[in-house]
Structures are given as structure tokens and as C-alpha cells.
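A, B, C, D, E and F are the chain letters, set down in written order, and residue numbers restart from 1 in every chain.
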Amino acid sequence: MTGDIIGPVDATVVPRYAGLATFARLPVLEQVGRADIAVVGIPFDSGVSYRPGARFGPAHVRQASRLLRPYNPALDVSPFAARQVVDAGDIACNPFDIAEAVGQIQAGARRLNEEAMKLVSIGGDHTIALPLLRVIHERHGPVALLHFDAHLDTWDTYFGAPYTHGTPFRRATEEGLLDLARSVHVGIRGPLYTSEDLGDGFLAVHCTDIELHGLATAIERMLERLGDRPVYVSVDIDVLDPAHAPGTGTPEAGGMTSRELLTMLRALAGHQVVSADIVEVAPAYDHAEITGIAAAHVAYELISVMSGGKT
Amino acid sequence: MTGDIIGPVDATVVPRYAGLATFARLPVLEQVGRADIAVVGIPFDSGVSYRPGARFGPAHVRQASRLLRPYNPALDVSPFAARQVVDAGDIACNPFDIAEAVGQIQAGARRLNEEAMKLVSIGGDHTIALPLLRVIHERHGPVALLHFDAHLDTWDTYFGAPYTHGTPFRRATEEGLLDLARSVHVGIRGPLYTSEDLGDGFLAVHCTDIELHGLATAIERMLERLGDRPVYVSVDIDVLDPAHAPGTGTPEAGGMTSRELLTMLRALAGHQVVSADIVEVAPAYDHAEITGIAAAHVAYELISVMSGGKT
Amino acid sequence: MTGDIIGPVDATVVPRYAGLATFARLPVLEQVGRADIAVVGIPFDSGVSYRPGARFGPAHVRQASRLLRPYNPALDVSPFAARQVVDAGDIACNPFDIAEAVGQIQAGARRLNEEAMKLVSIGGDHTIALPLLRVIHERHGPVALLHFDAHLDTWDTYFGAPYTHGTPFRRATEEGLLDLARSVHVGIRGPLYTSEDLGDGFLAVHCTDIELHGLATAIERMLERLGDRPVYVSVDIDVLDPAHAPGTGTPEAGGMTSRELLTMLRALAGHQVVSADIVEVAPAYDHAEITGIAAAHVAYELISVMSGGKT
Amino acid sequence: MTGDIIGPVDATVVPRYAGLATFARLPVLEQVGRADIAVVGIPFDSGVSYRPGARFGPAHVRQASRLLRPYNPALDVSPFAARQVVDAGDIACNPFDIAEAVGQIQAGARRLNEEAMKLVSIGGDHTIALPLLRVIHERHGPVALLHFDAHLDTWDTYFGAPYTHGTPFRRATEEGLLDLARSVHVGIRGPLYTSEDLGDGFLAVHCTDIELHGLATAIERMLERLGDRPVYVSVDIDVLDPAHAPGTGTPEAGGMTSRELLTMLRALAGHQVVSADIVEVAPAYDHAEITGIAAAHVAYELISVMSGGKT
Amino acid sequence: MTGDIIGPVDATVVPRYAGLATFARLPVLEQVGRADIAVVGIPFDSGVSYRPGARFGPAHVRQASRLLRPYNPALDVSPFAARQVVDAGDIACNPFDIAEAVGQIQAGARRLNEEAMKLVSIGGDHTIALPLLRVIHERHGPVALLHFDAHLDTWDTYFGAPYTHGTPFRRATEEGLLDLARSVHVGIRGPLYTSEDLGDGFLAVHCTDIELHGLATAIERMLERLGDRPVYVSVDIDVLDPAHAPGTGTPEAGGMTSRELLTMLRALAGHQVVSADIVEVAPAYDHAEITGIAAAHVAYELISVMSGGKT
Amino acid sequence: MTGDIIGPVDATVVPRYAGLATFARLPVLEQVGRADIAVVGIPFDSGVSYRPGARFGPAHVRQASRLLRPYNPALDVSPFAARQVVDAGDIACNPFDIAEAVGQIQAGARRLNEEAMKLVSIGGDHTIALPLLRVIHERHGPVALLHFDAHLDTWDTYFGAPYTHGTPFRRATEEGLLDLARSVHVGIRGPLYTSEDLGDGFLAVHCTDIELHGLATAIERMLERLGDRPVYVSVDIDVLDPAHAPGTGTPEAGGMTSRELLTMLRALAGHQVVSADIVEVAPAYDHAEITGIAAAHVAYELISVMSGGKT
């Protein structure tokens, strides 16, 4: 298929800082008609409980993705040559009505899924994971959830609201969207409201586990848990330590390094990752784009895994 | 009344950077029972259309107000000695439901008004002006509105929402809360959606007017318009140029200086200012607290005017 | 002509922070075929003598232009409805060879000028003004130059280089591109290398003149000088005080406010502005986008003037 | 005892960003009369030798502690329910006279110790550790010191001054406040003045040790050294790498991660921690509150350890 | 005298960003033996009552002064050619003992004055003005003080300390160092402790005066007051609005612009300025060096005035 | 030799923040005549392909090196006492002509090498490594290259330019300057243009290797590869993770910690390090000097290794 694929703008002709900011300088969807993988922004942050600002996440991650180059040596794959990857722009949604926005995201993702097999969604806050999982469920039935996050995001409601950035996986569980026995939270840490927040059914790999038992062990547990199920990957950027991701809404000390996160993601090579999201990048708190760069690399590794083997 | 008044913490005993951050290091309401003037935070920003973050405004302005000293030489008044001024804490409201939050603000302000004659509210976004004006109307009937802002905030709806930071004065007009013939917008500038956004009934003193005709002329027009009506003052900090107030949600170039704004406020001395708000301070975009300091000084001048003459 | 014009993305459907970052959320050139006015980025900064970084200027100004709305009340014009205005993307040029880059800019601007009558170029550093003026000269012969800048940019060479950000107007004068008798520098200030740097033939309105004699006088001198010649406007953002434009390469204290600059630009209404550039926005030194916002507003006022009267 | 304990403000009623900034939104001491554990600010930084600013540390750490939730899953304890924890405000001290300030801190801490068994002091610079240790000594005799720091802080004098942020443990040793055989420095790194600075009697766990031999080994050495003595924990935030704690006065590359530090602190569970301090948070150098958040989590883990088992 | 004068490093050979950071890239005192005017740093900030950090002021202003060029068109003078100007390095002083530091500054300035007729001192906080005035008094007797500042700095003591950044002019008055009848404060604004803080004898030009009556009037009053006395100029950078000088210790809204300040300083041309200081630049709060650049320009204008007419 | 050696300014007399900013407050070359080791700045960044600004690197690293103390406990050496180390200032070079600049750097380094045996060069961008290696080759023939970098820097040309920051080691290999069989890249990560970018002959220790196999293994491989050849060490600061070094031009997530880098450098003790460079520090993107501090420590460890054993 490589022959017809349109890749990123050629950096030997157009410097990386030049041209409109699409993800990794890829073509927009309109330019190619159909795609294997679409990167889509979902600039919605009205579900946050602390620092808002993730509505600017998509624009920020796009700008920070200008340095991504076409060949991934860690996985020996050229993802943008192996698959048609595009930037599908943003799904517009109502900032003043969470329920309406959740509907708009669901409709938008479903529509987009008709033109692109797999989505890599850039948030926005974690509220967006619920409508995205609903669309995935329509296609794949219950999927294994691989959830990187400082928090479990399994609260029931917050200020009476059922859809917030703290509740998507409670709702998803209730709606039967997940294969709980194959799902795993990674990077959990920090204080909770009560011991009941720990959730049921989910396996959690705590940051302390990584510190004391090493990353290889964590990878092993993750892979064992996922088995060979189709996987949806949801990355809350606050899984990284604030040193690595200051630009986020509910930072917790004691997190993962970006090297650990990228290494875990690469371990998914060979698994069927059906779609993914990267959420909670709040640019107003970022510095020198380091959070944006981390998020762009996370997206790049996920796309690499999705793009399968070498072309 | 001075005898019983509790003023700010004594800076010759407790350095200004020490102690809990109440506004101007004033006592909290619980400490004094009743007050003449209460500073109250309203950390609500779910009505913003661009950069969120004003929910952190009250905490930021309090921290930036530590340098305020007790004597105001420009008006020759010691406001914290002339009147019992307190910090009444924050009105808690639901970040996920604008209508509920508007109700909570209205109820909270009404309750607070029973203990303190006049309120100086620190936002939060401009959505909060509507419930505050409703409470004022219950007491005073239609008031003159003195509105400092880069924008008119007279849109009808936005994404179908009737209550946002762009609509409070449209709603207030419809509800008859304002004496339009005595109301004035100051500092308007920048592009609009359509020419109809210019509003009816309101007088607008544009930034260009101030530039070309001078501040004294602007003050004159303002005072003439207000006449001797009770005045509610609403200060959107974006009335200041982004150089003076980078920490805000919808900045527009070409604004007022803080010196111009403070001078205009001092010209209200002798007028009956019934209450006031200062909104749209978004700390994540501030630098070195300069926006917070400007907002704190705005509050200080308003309190000075409210506190009447020298004690 | 309004019927066929494609304007900016509708902000009541797509929030201002959503969607790809084109200037003012206007369509790209490809989308409309031809245009009256094209905004084009020229991300070149290899001609700077102090702080580099203006290569990121176009992306930064585009991001900061998201708040621009369609109606300009100061001039009573809706520029994006009166004329087809587009974002023409960036002209790619070689960062390692100034002479080659100057040639690329000249060729790119000439080509673009075939599809769009007037260009508003976003730099990049001031080196780009020379090739842009050459293209203008091909069309219009010698034009009046209206140059806003802290510096005269009339050095001969610097480190032997004839094309740098300090030399464009010396070269332009030598090449006969300017009608010197109708040209004027505004905002000059700060120390020079020698008294000979003051240049010949140009009129200079110093910042001290504005301070002591007022803006109205400065406007008068500017308009008198320009007469009725076709005007090319070149705005080095460092004409603004560092308080208003920290994000630039050679800041000088004692500059203009953004309000003064915008007011002067609006005074061009009725004049034939043939093209314009806004240069030296260096985002790494900006804060809260205030420099980018100022530059976006400068571009907006220039487009408003170019777009002529009300539609 | 839980019945009578007043915990933090309920985050399901008052959003975390709302309300006055007490540590972890706990009650102030006045509100509860007596406490088991008091968090107290000591905003004194006149003992620093390089970057000042830690006087703003208490206010900054309080603001950054808003996200702390009540249940600590790592230790399976709800510290604010197990014990009455309060914010005791700040100890005011003279910024212009170090000796007087040391006396004020000592008197203030002694007085506070009558109302609260254990203190968690938020500096301020490391000078404050000496008067705090004196008060501890009055109660407990010589204690084991567990000292996390990039530096040993065992200089003799600096510019003739015996009390500075580089000397507290030299003084404490001379005054017999410490059980040297049970004390340990952790995180030491970076260049010293002379090889004599290495101190006598203290055991030092260097950062290189942690890098090459792993955290588990470091924890083992720490616990072995402390034995079962009552422990005073002193955490200079510069023990963290500048990536994790940019907001400090004498940063040294090559430090600990926040995850390592928090894990080491949790290993104290079961030990008698008699009091603790967290010092050298200099907010002017912080970014996105990451240093403040790290310090707040350090305090939280220390309080968790102090609060003993599950309630 | 020009023949023997060593000026700044030649910017056509060594780029402005290269080479060690001396003020304006001037030679150090050792290089030239004697000088007419010496710029000297006094990195002392232990006298501050709020934000510390001015100890880093000299290094910051030197770095920000790299852009200063040799010819001053506003005064038509080339100060570094007209006079031998040097960078005399810093006067070292004890950060832990204010009284000793004041003595060290006095001794250092006296010694330096033997090698350089006039000093331009870069603080450091305002405490340093007292020892500098003492040295001036030894040479010139009581001088006219021209004091630019948001504050009067005429407190008696603060926390019992007679020498702080709030007291120098009270002490100087008591010691008879000033010709009060010829002295003037400019730029005063903001709240005070009491009405008695307004001081006696001094004339004060308030910021409001400048706003309402114009700069020309303020200049007139200043010049009238100074008469033909030898003048000592003391510039607290907080005389500028926080928009122009965020990097300072006790910022007050409503201040002067850098253009106003520079214009006032240029009006001193022809007066005998015997020495000067620029204080309270606190780099940790600066952004993009804008405060440092303003301070460097202030120093440059003062040196220009001191250097007399054209060579 | 210690007797005649001039070390850094005494910090017990002159506080660390005082005095002109030479590297580690060492004497300048002029002061001592000859030196064993010279630190030299090369402020050149016209070879960068993304974020420029490393031209300000030397000044920034000098300022950040003020905290370096004379004794290195990790290696038990006092490098500034063991050897005469100096700050040799900056090599001036043309920012507008890369080829000329490369020649100027080569000439400058050769000249300096006559006065100082070993150079520690502070960039500037990585372009400078080529002329530095040429000078080394003149003295030592082909050397082992120990290259810390996120990137290989072995492109052929970029925009037709043979000398850029992406090409030095391709050129050096072609010119026979390196002993490839003894050279090693450490810290490589992130996407490449093509799989051919991986280079031939070089050994690469990837960041993933360090993550999964540990630092001790990486050190072993490095030492094995270097054998006993004279080593030139080239440290691109982007080898560190953006969390540790935000202030750089082409940041890649997933990098090394500063602790890992410093530990690897210390492992060179006993090896003949003939010279070294530290490049790509771009201060405009730094925060709280953390990148500068990391670079200063890197230089300090390299000097320590160069200075050999204890004196």
C-alpha cells in the first residue's frame, strides 16, 4: 500500500518549524480521503475538577509534534509509510454542556471511524474516554483497557455530575464496555478519597511497584493481563511525574518517567491496539513544551504499534 | 466605630509574606461577626469561551494583596479603619452545571449580604455578574452599571447557553436589573462578531477615545453618565492591556494601563458604590503576579471609595 | 463579491480554541483558489544579530490570532467579508544560507502575488523585508515605506553580510525600491552605533516625540509624509515597549504601547496599503502570548485598512 | 477518637480550588483547640547563601497541597481521620536579625508544642532546623536525625555567622541535640568546599549509591541506622533533582526523584517520627507548582507515618 | 581625552551575545587603571521586606546591557567615548549582617571613588543608598536627591532594624546628607502605612500627577526643584509599573512607563549628576529580561547625562 | 604545582552571586598566562535545524556555574587545585556564514590550545564539534569519541549545508578524525529520518538499554569500547530527558537523568580525556537554570576527570 500513501511534509524541503501545524506534519484527512489511522483532537475540558486548560491540548501537542521523524528505530518501523496516517482535525463540542459534548464526541468519533480504522485521540480531559470507548464497543465489543494514569478515574459522580474526568471508567464498566479481567491501570499513586476508590476488578500496577520491582516486571504483569485481547490504550499524561509533565490538571508527585512510559508502550508491539487516547495535557502549565513533546512521543509510539511490522 | 474594628494583621509584627492569605490580611468574617464590606471569592470559570482558569482567581488575588497597606493617600482615607472590612471566603459552586452554579452564587451572595452591606466579589469569570446584580436589584432596584471591560459581554447565547461570561449584561438588561440610561462601558476595544454586538442603550467609552482625547475627558463622560445613581462596578481585568494583565482569558491588545484604571476608580469618590466585582483573573497566564496585583489594587480603590471619607 | 467569500470558521459551531491554527481561522489558499489578501508566514531568522527564534513567529501569531473576530468597530468594516482573505501557509526557505533564502522568499512572494493581490507577511526576522519590497517594486515601482521599529535597520553590513535584519532598508534604498521623500520611520529609540546610523532621507518619528507631543501629532506627521502614495507597511514588533512585546529579538526600553500602534495603523484608512509585513516575533521570549496577540491585532488592522470600506 | 476529629473541607461540597489555603484544607488550630499533629509555616530565609525566597515557601506549599486527598493507599491509612491534624499558621520572625529569629522560632515552636504533640514545619530555609531540634531535645533528648539533602549543612560559620542554612547540624551536634550514631544523611551529592566538609559521625547515603545499588539497599541502610530511636526527619527539598524541584535555593544536578523520596519516607511506617521539617522551597523559581506539590506530598507522607495505623 | 579611552568591545568583531558580561561590554577597572565613571554592582538584598532576590540584580543587569550601543541620539552624545567608563565589578558584602554590610558598602564605594569620579551603582536593594549617600556627602556636602520610586522609603525602623530598604532616606535626612529643599520624590503611588509616611520636606510628584497633568509638567517641577544643586539620582526600578518592571520586590500597580522615566532622566542633561544608583531589580521575577533591560537603559541615560556634551 | 595555581574566588569573602560571571568563578586566562585546562565558550548556533538560541549558552552556563565548589567528593579530587583551570572567554565567530565560523572556531581553538593543554568548550550548537575535533586530531591523531546525545548527528547534509548541528560526526568520520572502533554514542533515542541514519561503525548505547539493563551495564559497555585510547567527550545536553534539560533545541522524550549522566562521566576517571565539549544549551527554553546547572556539573565532572588524581 506504500505506493499511494502520503506521508509527512518533507523536512529537507520545508523546515520543521514551517507550515501549518498538523500532527507530525501529516496530511489532513480531506487531502487523502481515507486513512488507516487518524489522529484527532478533542478540545474539551469542562469535566475537570482542578486545573482546566486541556482544551488547548490538541493545538499544543500538534505544535510539539513537529520534531517527530518518520523512522522508529526502537520498533524498526516507519509508521507513516506502513499505514496512511492523517490528522483529522478536531471534533467540535459544546464547552457549556457536558452531556451534549459527550454526545458530540461520540457522534464525531463514530463518523470518523468510518473513514479511519483506528483513532488516536488527543484530549481534552479524561471525560472524552467514555464516548470513545462506546464507539469502540460498537465495533469490537468489550475490550481490554490499558490505562496509564496517576488516578483510577473510577469515581461515581462529582458534584452530581456522572460524566467528568474522574468517572469515565466507572461509567464504562457499568455500560459493559470493558473486559475487566483483561484490563489494567498503570502508574496509580497518590492519595485517594477513600479506600473504596481502589475499584474492583481492575488490576493496578502502582508507581511504587515500578520503583521497587523494576520496569521489566511491570511490563510482564501488563502483558500477562492483556493477553491477546484487542486493547484500548488510554494515557492520562499525569501518569508521568510532574517533572516530566508539569502541564496537566491534577499533578501528583512520584510518577513515571517518560522513558518508562515509552518503553512500556513499545512492549505492546504485536498486540492489537484498536484505538487510543492521550488526555489531560494543559498547556498553560507546560514549560518549553516538555509535556507536549512527551504526549507527541506517546502518540507516535502508539501509532507505531498500530502500524504493525516493517513495510 | 473605629474602636471595635479589626483591621489587617500588623505588618510590624508579622511580615507581609507570613500568615494565611486573606485579602489584604484582613480578618475572616467568622472572626468579626458582621462587616460593612466583605471581600468574597467566587471561584467559578465554567462560563468561559476561551482560556479557562479564573477559578484560581480568588486565591491568586488574595496572595497578591499581601502588599496592600492601610492608608490610601490618593483619597486620604484608611478604608480598613473607617469600615469593618473582612474576607468572607469563597462561595462554593458546581463547576459542572452553570445554571446550578448561578443559583448557588445568587443564594450565597444574598446570604452574605445579610452580614455585610457591600460586597467586593473576586471572580471567577464574568458569568458571576448576573447573580450578583440580581441580589443588588433586590436591595436597590435598577442600578447604574459601570463596566470596565475590553468586551461588551452582551451576547445573547453561546453554544445555546444563556449564562456564560459573554452574556451577563444582556441577561441583566432583559431582567431589568440595570438603569441603562445611567450605565456605561469603559475600555471597549477589539473586534466583535457583528456590528450588532455594540449593544443598545449603553454608552461606551472606547480605548481609542482615551488614547486620543485623554483620561480626564473619559472621567468626565463617565461621571456625567452615572449621575447620582447608586453604582455597581464590574471590572473585567481584561480592560487592562495584556502588558498590564497577561493573566486573563480573552486578552485584546490596545487596552488601558493600570494607572488609568486606578485613576478612573478614584474619581468615584463621593458616589454611592453599592457593590462591585473584579473578574477574569486567570493565574496560569499571569507572570510575577502582575495581574493579581492590579486586581488587588482595583479592589483596594473600590473599598476605599466605598469606605467614604477619612475617619 | 461577499456571496462567494469564505470567511473564518464559525465560532458558534467550532470553539475558538478548536481546529487547525490558520490565521484568524481563515481558509487556506488551496480551499479558495484565489484571494484578495493573503496572510503568509516567512519563518526565517538566520539574519538576526542577537536573540534568534523568530522562525517560530508564524506558528505563534497564528495560534494567537484565534480570538480575532470578524467585525472591526473602530473602522466599521468586516474585513473577512469585504474581501477574500486567506492563510497561504509558509514560504519555506533555507536556514543555512541567507542569500539563497532571500531568493526563495522573493520567488515565493512573487508566485503568491499572482494568486493574491496583497500580502500580509508574518516573519521571521526583518531580513525578509528586502525580497518582499523587491516584489512590490515589480508591481508598483517605488513605494512609500511606513516603518514601525525601535531601530532604523539601515546598517550597511554586519560581519560582512549584506542581508541581515539590520540592513533591509539600506539595501532597499540602494536598489531604488523606496520613495524616500514619502517614507517615514516611527518609534525609533535607543542607542545606535554611530550618529551616522540616523540615515538620510528618511523622516523619523521618535518615541520621545510621541511622549512629549502626543500621538495625534505623530499621526499627522505620518499622514503628511505618506501623502497619497501607495504605502508598504513594515512593522517590527520591537517598536512596542518590551512590556507590550517581550517576545522579540532586540528589545529596547521606552517604546510604544500597543494602543498607540493600533491607533496609528487605523489612521491609514483610506490610504492604498499595497502590502505589509510584521516581523521579529520571537515566541521563546513571549509570555501568555501577549506579543503574539499584539502582532495578530496589527495584522488585523492592516487587513481592515486594506479591505477598504464597509461591505 | 475519630468522632471528634475535624478533617479537611469536603471536596464534594467545596471544590479543591475554593476556600482559604490551609494545608490540605485542614482546619486552623483555633478551630479545634488542640491537635495531634500541627503543620506550621516558618517563613524565614535570611540564612540563605545563594537564591533567597523560601520565605514564600509556606504559602506556596499550602496552595500546592489543595489536591491532597484523605486516604493514603500506600500505607493504608487515613491520616486526617486517625489523628487531629491542623494548620497552625506561621511563626512570625524578624527577617533582619538571624539570632532574634532563631529565638522567635524556638519560642514559637515550644509554645505550639504544648497544643500539638508533633510538628511538621514548612520552611523557610534550613536555618530553622536548629531551633526546632532544640525544642525536640527538650522533650525527647538526643534524637536520630534523618536528613534528606543535597548538602550536609555542617559548615562551621559563613561570613562569620554561626546560624545560617549551611550550619544547623554542626550547631545541633555541638549542642548535643542529636544521637549521631543513629543519624543519617540521604541524597548527598555535588561538590563541597573541602574534604573536611564530609562531617564526622554521620552516615551518608550518596545519590550515586542510590543510582548504582538501588533504592531498596538505601532504604535498608537507612532503617538499620535509625534503629528504634525516635526520629526527627529534616527534608531539604533540594535533595530532589532540579528536574523535580526547580524551586529551591541551591540546586545541584544528579539528585533523587520524588518517587524515590516518597518511597523512602513510607518505609518509616512503624517508626516513631517525633517531628519533621520540609525546607528550602523557593517559589519564585518553581514552575507549575511542581516543587510545591513535591513538598506537599512529602509532608503528607510524614503525617501519614506519624498518624500510625489504620483507624 | 578620547584618544586614550577604551570603549566597549567592538560588536562588529565580537557579537553582542559573546564575551564575559561586563556592563555594556565595557572594560573592567583593572584594565584601564582609572576612570571617569564606574558602574559597580552591590549585590545585597538582606534589607528587603517582601520579595528578596535583588542580590542577583548586578549580574542580571550586566547580561541585559549587552545591547547598549555607543551613540545616544536623544542626547547626541557618545558617553563611552566622551568619558572613560568602566565596570568596576561588585562590592562584596555580608548577607547575614546588615550593619556590617552597610559598612562594607561605604568602605568599598569610598575606595572606588578614589579611582573613579562618579559611580553608577547597581543594587541590590535600597538599603545601599545610605552608605552611598554618605560617601557622596564626604565629597560634596548635602546634595539634591532625585528619587524615583513607588515608595518614599522614609520609614523609621522595621522589625527594629534601622537599616533596611524602607529607611535609607529617613536615615540620610537625620544624618544631614541631603539638601531637602532641593530634593524630590517622583513616581510615588500606592497605599502607605499611615498618613505620616508622607514625609516632611520632600516634594513628591505622584503618578497620578503624571497621569492627569502630563509628563512635561512633571519634568518642569522636577527641574525647578533641583535648581542647580549637585544631584544624586536614586532609581528604585519599582517606580515603573509592574508591566514594565515585573522583576522587583515590592511592585505596585499604576506606575510609570519606561518611556516616561527615560524621558525624565534625559531632561537632566546639563545638570551636575554626581553619582546614582539603580536598585531593586529582582531577576527571579523578571521575564525576558524586560526589567533588566529597563534598568540597563536607565544606567545608560544616567551615564550619558554624566558624560556631558558631545566629544 | 598547587603553589602557583590561582583558584576560584573565595566564597567566604565574596558571596557566590557576586562578581563577574566566569566559569566556576575561576580566573580568566589573561590573569594567569597559561593553564592546564581552559573552559572556553563558543557562542555559535547558526547550524541548528529547530530551536535556535544556543548562542546564549556560554553566558548561561557561566552564570549557572557559580555554585560549583572546589572539592569533588565523588572522585576525591580538588580539580581547581590540582590543575590550573581558567575561563578563556569566548571564541567570536560570524553568525551569518557557517563556513567562516567553522574556520574561526578552528583557528581560535588551535591558538588557545597553545596556552592550555585541554579545552572544555561550551557551545553553541553541535556544529562546533567538527572544528574542535580537527584541532584535537592535529595533536593526537584519531581519538575515541564518547558522544552523549539523543541524536547521532551523522546526517550527510541538510538544506545542502555540509556543516550543521546534525552532521559533525559524519564529517569527522570522512576526515578520519575518529577511531571509530573505539567510539561510542550514548543516550540515542527517538525517531530518525530513515533506518540508514543509524550510522556505521559506531556503537550505540540506547536509552532503552539503560532503562532495561541498568546503568552499570551501560558503563561497562562504554569503558570496554573506549579501551585505553585518548578520548574526546562530546555532550549534547539533549541526551538528558527534557525534564532535566528543557533548555535545548531538539528535545526528545525518554532521555537520561542528570544522575545517570554524571555517574557515567565519573566512570572515566583514570582515562585520558583530551578535550571535551558541552553543546546545545538554549537558555530561552530553560527554567530556573536547571539545564545550565546540569551543563555546569557536566563540565565540572569532565574537568575533575581531566585533572587526574588527588593533589
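Just so it is clear, contacts are C-beta pairs under 8 Å (C-beta built on N, C-alpha and C of every residue); 3 or more make two chains touch, one makes a residue touch a chain.
Remember, predicted model here, so these are calculated numbers, not experimental data.
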{"item": "Far-end chain from subunit C, centres as C-alpha averages", "value": "D"}
{"item": "B-D, A-B or B-E - pair sharing over half of the E-F contact pairs", "value": "B-D"}
{"item": "Proportion of interface numbers common to subunit B and subunit E (over half same, under half different)", "value": "different"}
{"item": "Distance between chain centroids, defined by C-alpha means - subunit D, subunit E (Å)", "value": "40"}
{"item": "CA centroid of subunit A to CA centroid of subunit D, Å", "value": "37"}
{"item": "Multi-chain contact residues (two or more partners), subunit E", "value": "15, 17, 49, 51, 55-56, 95, 158-159, 241, 243-244, 257, 285, 287"}
{"item": "Chain contact topology (line, ring, star, complete or other)", "value": "other"}
{"item": "Pairs of chains found to touch, sorted by chain label", "value": "A-B, A-C, A-D, A-F, B-C, B-D, B-E, C-E, C-F, D-E, D-F, E-F"}
{"item": "Footprint of subunit B on subunit D - complex, ascending", "value": "13-15, 17-22, 28, 41, 43, 55-56, 58-59, 62-63, 87, 89-90, 92-93, 95"}
{"item": "Subunit C-facing residues of subunit E, complex", "value": "11-12, 15-17, 66-74, 76, 78, 215-216, 241, 243-244, 257-260, 262-263, 266, 287-290, 293-294, 296-298, 300"}
{"item": "Residues of subunit A defined as touching subunit D within the complex", "value": "49-51, 158-159, 189-195, 197-198, 206-208, 211-212, 241-244, 246-247, 250-255, 257, 285-287"}
{"item": "Contact set on subunit A toward subunit B in their complex", "value": "45-49, 51-53, 55-56, 94-98, 158-161, 164, 284-285"}
